[in-house]
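What follows is a pair of complexes built around chain A, which joins chain B in one and chain C in the other.
Let's look at the complex of A and B:
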């Protein structure tokens, strides 16, 4: 590699790491372009910015090609001026690249449809995103969401107990609505025929799609379940180009389905989630799974065709049109199933042109909805979609992707169209003729019932990451749900939000110390009943706790703590508390 | 960054219309933002929801789950969507002066 002295560390890393990403598909797309211009008019950015060549797919790809050629292709090494090869030198160069790969392309892949050379620019674009992410250059929204998905296990930072409580609430409402105690959402049921995975937005902000799906599964008499973990089928790895994240997220789902011995993983209506989980995840995660995967669109269609559910299409009479999600239609080939389903549950369907694999992007794809800095560009480019929607004369646009729901929702508002966005699950549920006796009563079975700490939530607060890992591994192996805090302020906040059954608390922590946290916990009416086990490497600090004018902690453990000591104390405290409250 | 006219004075908002200067939030701002989200006039019920969101956000730095919101305010899911047609994430959170929710929303 030349010019190392004048190249920034990040630029150097980007170039170096590119070498590891170059498989045959990638190199094919990098070398095959003949700049014929066939792709130009296929891009919604080009159509709305006719005077600006920097939006043309071939131009955008050239920004990546030029440093590929300079370093990895013999033409650029020998005749750089001839093939317009140019290296990357500064962080400024990388920022410019970021503006192109994140801000001027939604990875919708429409430009690939008419390419005579078979170039797949968005695949190269995604690779470049991944290289930038690997050196920390990305839009803030992408960073935040990726972090939550790495660390909390889902892209909106939904905690396990909140997720479970929400499902319980939906179960209660469903039971009431259908007047049948069997109409519930089974959690972690073993050997289910269908394991249903969702997008966190459904559970966090709009659980109506979950209720609708539950109603459909119930009516079909399906042996189904929702997993307590590994339920987020969205995958920011697809957007950020980070294959490691993509693999880790996909494996979480696969592992859970295998643990539950589920027969089929059904993925709710989300385009990028479907593509990531069903089509890409096994490659990223370097695993092969032994169960089937299916879009819920296919599941619902199957139920109607097999006579498992009955629908009355006269309940959906508004004129509807269908928007194809790029990931479902172009990347995964799902174009006919949603239309067939629509013909069964609506009375006035109007096709949109162009459609299927040639449909235009919703303009919010590729993670664009979480990159606010590019919103004005996104809305400008949405003019193409707005015109396309308006021409259908429909008042409802249906789509099988949450990202499209938001992208379309934004442009409908911006261009003041008289339209609503909805999903197939809502229309099917609305048309559903519920026959209550179909369902078999399904008991909710917690997993690992034999584990001594099953159903118990424990907050581990300690500033030493090693200790948190050790304690949470031991506790989780015994069935507990563990919440983690690495300083005093966090401990107090999580105690509030997570309502644990027990807190293990370190005394010396940065910021608010363990003693202060302890006192605050004891003085808080909502939290004072939570038992606390003090864990410290300095037993002499215990007196700091005794000096406080509050009830003493329920237990102490000295560090270094053994696995046995930790378990024994935790179980003793919980038994004691249980005894106290039931007495 | 752009400016949002509150009626006589302006406040900084991001490209999606979420306010960037939370310390300048007041009832007048909320009312003006509400209009952009299809709420012509903030009723007592709107305020109840908005105030809950603000309290929760001040404590935890994150928007609450819809479950918590319904439980604590007593509104049903349907009522929340009637109050804020664009939903709790984009509608109610924006009016309450919260940062834009992260992720697929």
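Let's look at the complex of A and C:
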């Protein structure tokens, strides 16, 4: 190694650690590129930035290749200029590398399947991310989420009590809906046939996916459970390139299943979670597990095929298309099962082109949703996906990945597409025929059920009049008294005068932003106890989750919000707060 | 035949081949010193494929232009690839035919096959130089080695084309240049991008093995007639 005296400490460490990280496959990918350019057009960044070669997969790979060659490959050592080999010297060099490996690639692997030489650039890119992370150079979001996963045990910092309370609340709802005391979400049940693991996003933003899955397990008569700890099947190690984190997170989940003596680990619909838990975790953690692992897509399909559940596809008649998550399709080979399942629970399926392992990334993959500094770049690159979606003519895009739900939701809003994103679990639950238990005549609903929000005052703060009208109508129809505010100052004033039981707060508002209002509410002794549900159309603004100068909000809803999501979240928060105060 | 040409056709080639073999072996040794990444997980996918099918498919990929979007959508570039590599095979074969089996070139058919193949590769070489120098993406990713290797091969094709009939009535300079270039080529290859053919089976084996186990290779896709045309 040369020039150690003029090299920054971090640059020195990156070069040194590269030697320990390299394996045969990575070295193959680093030496085999012939710069033929065949992969160029396969990348969504290239297609949306015509004329800018710095997005070309081979160019991006060269940013890693050049210091590999300078230090580990003979031609680069002897004649560096001949092969454009160059070492890393300064922290500025590392920052530039960060911009490439985190900000210009979602590790989607589309270039890999299009390279005649079999160069797997995303694997090398992930390795480079890991090197930078090891010296503390990474986007802020990556640092925060990794920290949460190391310290709290899940990547959204969901506290154990919040997780358990949410499950308890969902369990009660389920029991009420199905009118069966046996319809519950079992926690830490020993010797279950299925241990169900989820993405923390489901607890935070989308509890309906948990209750839908619970309904399906119940209907199938499954002997199942959810773990009280080690329940997060996502793994930020995949995105950050940190194999130690990847291994630790995966082991946490495996250990819990083993502790519960579970027979099978079922992984809810999440591309990176499935890949990390099912396909990579054992390699990172250097462990072998003694139980089976399966995607919930396969589980649901099996239930239908085995006659354990019955579905009525006529309940899902909207035109739907399917988006293959890169991790599912290009790294785990799961492309046919979701389509088979869709054909059983929907009536109007329209294929997207290209599809399966040739599909384009949702553009929010590789951890991009947590790197807000690259959002404009991400949304620009999403044009490819937006065009793909629009060409299907579908009004619903289904995906088996929570990350894709966010990525697609964001681009749908940005490109003003008339589409909704959903998951298979929602469609299966909607098509589910729950014999007898649901077929009983709908009882006269008690007053509370008919107007579940009766007596509750909710402040809806949003600068979009359409959203205020929508939310007020939904909440008032369910018995709530609604106060309305159209900017931050107004929201704060009305919160003071009206003392609502809950505030739904838009983050982006003129004047005082939702973030400022939120912090002021939390710092005001008279208002700090009012639960707040953050509503945003920009998922990256969820930085509020991470910036914990004040207590985090009680809930989050993504825009566009459905009536169901709004009600479900509002009721969950109120129920949660009620439990907290009565405990 | 002059002594110099005889030397260039025989001793020089043999020495160059020995050097190339030694460098190649040491290169392979270097590669295998890196630990192979392990896949501990149970196979994924539908179960109709496996690691073996995966790497066989992966190796065969080069002959299946329909299998990869990049070659499917750019048939012209794929055609160039085929012609260029056929030319390489022909020019290498010629370097053995001339010194060891010159009688074969009595066949006018074989001479024509050699000439057409090598000429086509020569034209592709020129087209590739133009593409590499003019396309903004290609320029950005190209190194001096990329340009030099391509230029070297194209010039080599030119002299191979001239050498095909193995005639020295008008002088030996073309044959001499061809054999000197061949020797240089043999020695230079392991240090240059041209050594990719050493890596090709290697990278595609590991990629295919992994993606076969994961149920990704052979790739599945549903064709869209319009999308394919555009």
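In the analysis below, the second predicted complex is superposed on the first by the 435 of 583 C-alpha atoms of A that agree within 3 Å, B and C clash if a C-alpha of one lies under 4 Å from a C-alpha of the other, contacts with A are read in each partner's own complex, and residues count from 1 in each chain.
Throughout what follows, a contact is a pair of C-beta atoms (placed from the backbone, for glycine too) under 8 Å apart; a residue touches a chain by one contact, two chains touch by 3 or more.
Keep in mind that this is a model prediction, so the values were computed, not measured.
Of the two partner chains placed around the shared chain by superposition, chain B is the only one that A:207 touches, whereas chain C remains out of contact.
Greater residue coverage of chain A by touch, when chain B is weighed against chain C, goes to C. Contacts of A:370 after superposition on the shared chain: chain B is touched, whereas chain C is not. In the superposition on chain A, no contact is made by A:469 with either chain B or chain C. Contacts of A:353 after superposition: chain C is touched, whereas chain B is not reached. By the document's definition of touching, of the two partners only chain C reaches A:335; chain B does not. Overlap of the chain B and chain C interfaces on chain A comprises no residues.
Interface residues of chain A facing chain C in the complex, by the touch rule stated above, are 22-29, 31-32, 34-42, 46, 51, 53-54, 56, 58-59, 62, 74-75, 81-84, 112-120, 278-283, 286-288, 292-293, 329-337, 351, 353-358.
Within the complex formed with chain A, the chain C residues making contact are 31-32, 34-42, 44-46, 49, 58, 61-62, 68-71, 73-74, 77, 81, 135-146, 191-193, 196, 199-200, 202-204, 206-208, 210-211, 214-216, 219-222, 224, 227.
Here chain B touches chain A in the complex through residues 14-16, 18, 59-60, 62, 65-68, 70-71, 77, 86-90, 100-105, going by the rule given at the top. Contact residues on chain A toward chain B in their complex (touch as defined above): 141, 144-145, 148, 155-158, 162, 165-166, 169, 199-201, 203-208, 234, 270, 369-370, 372-376, 402-403, 406, 409, 413, 493, 496-497.
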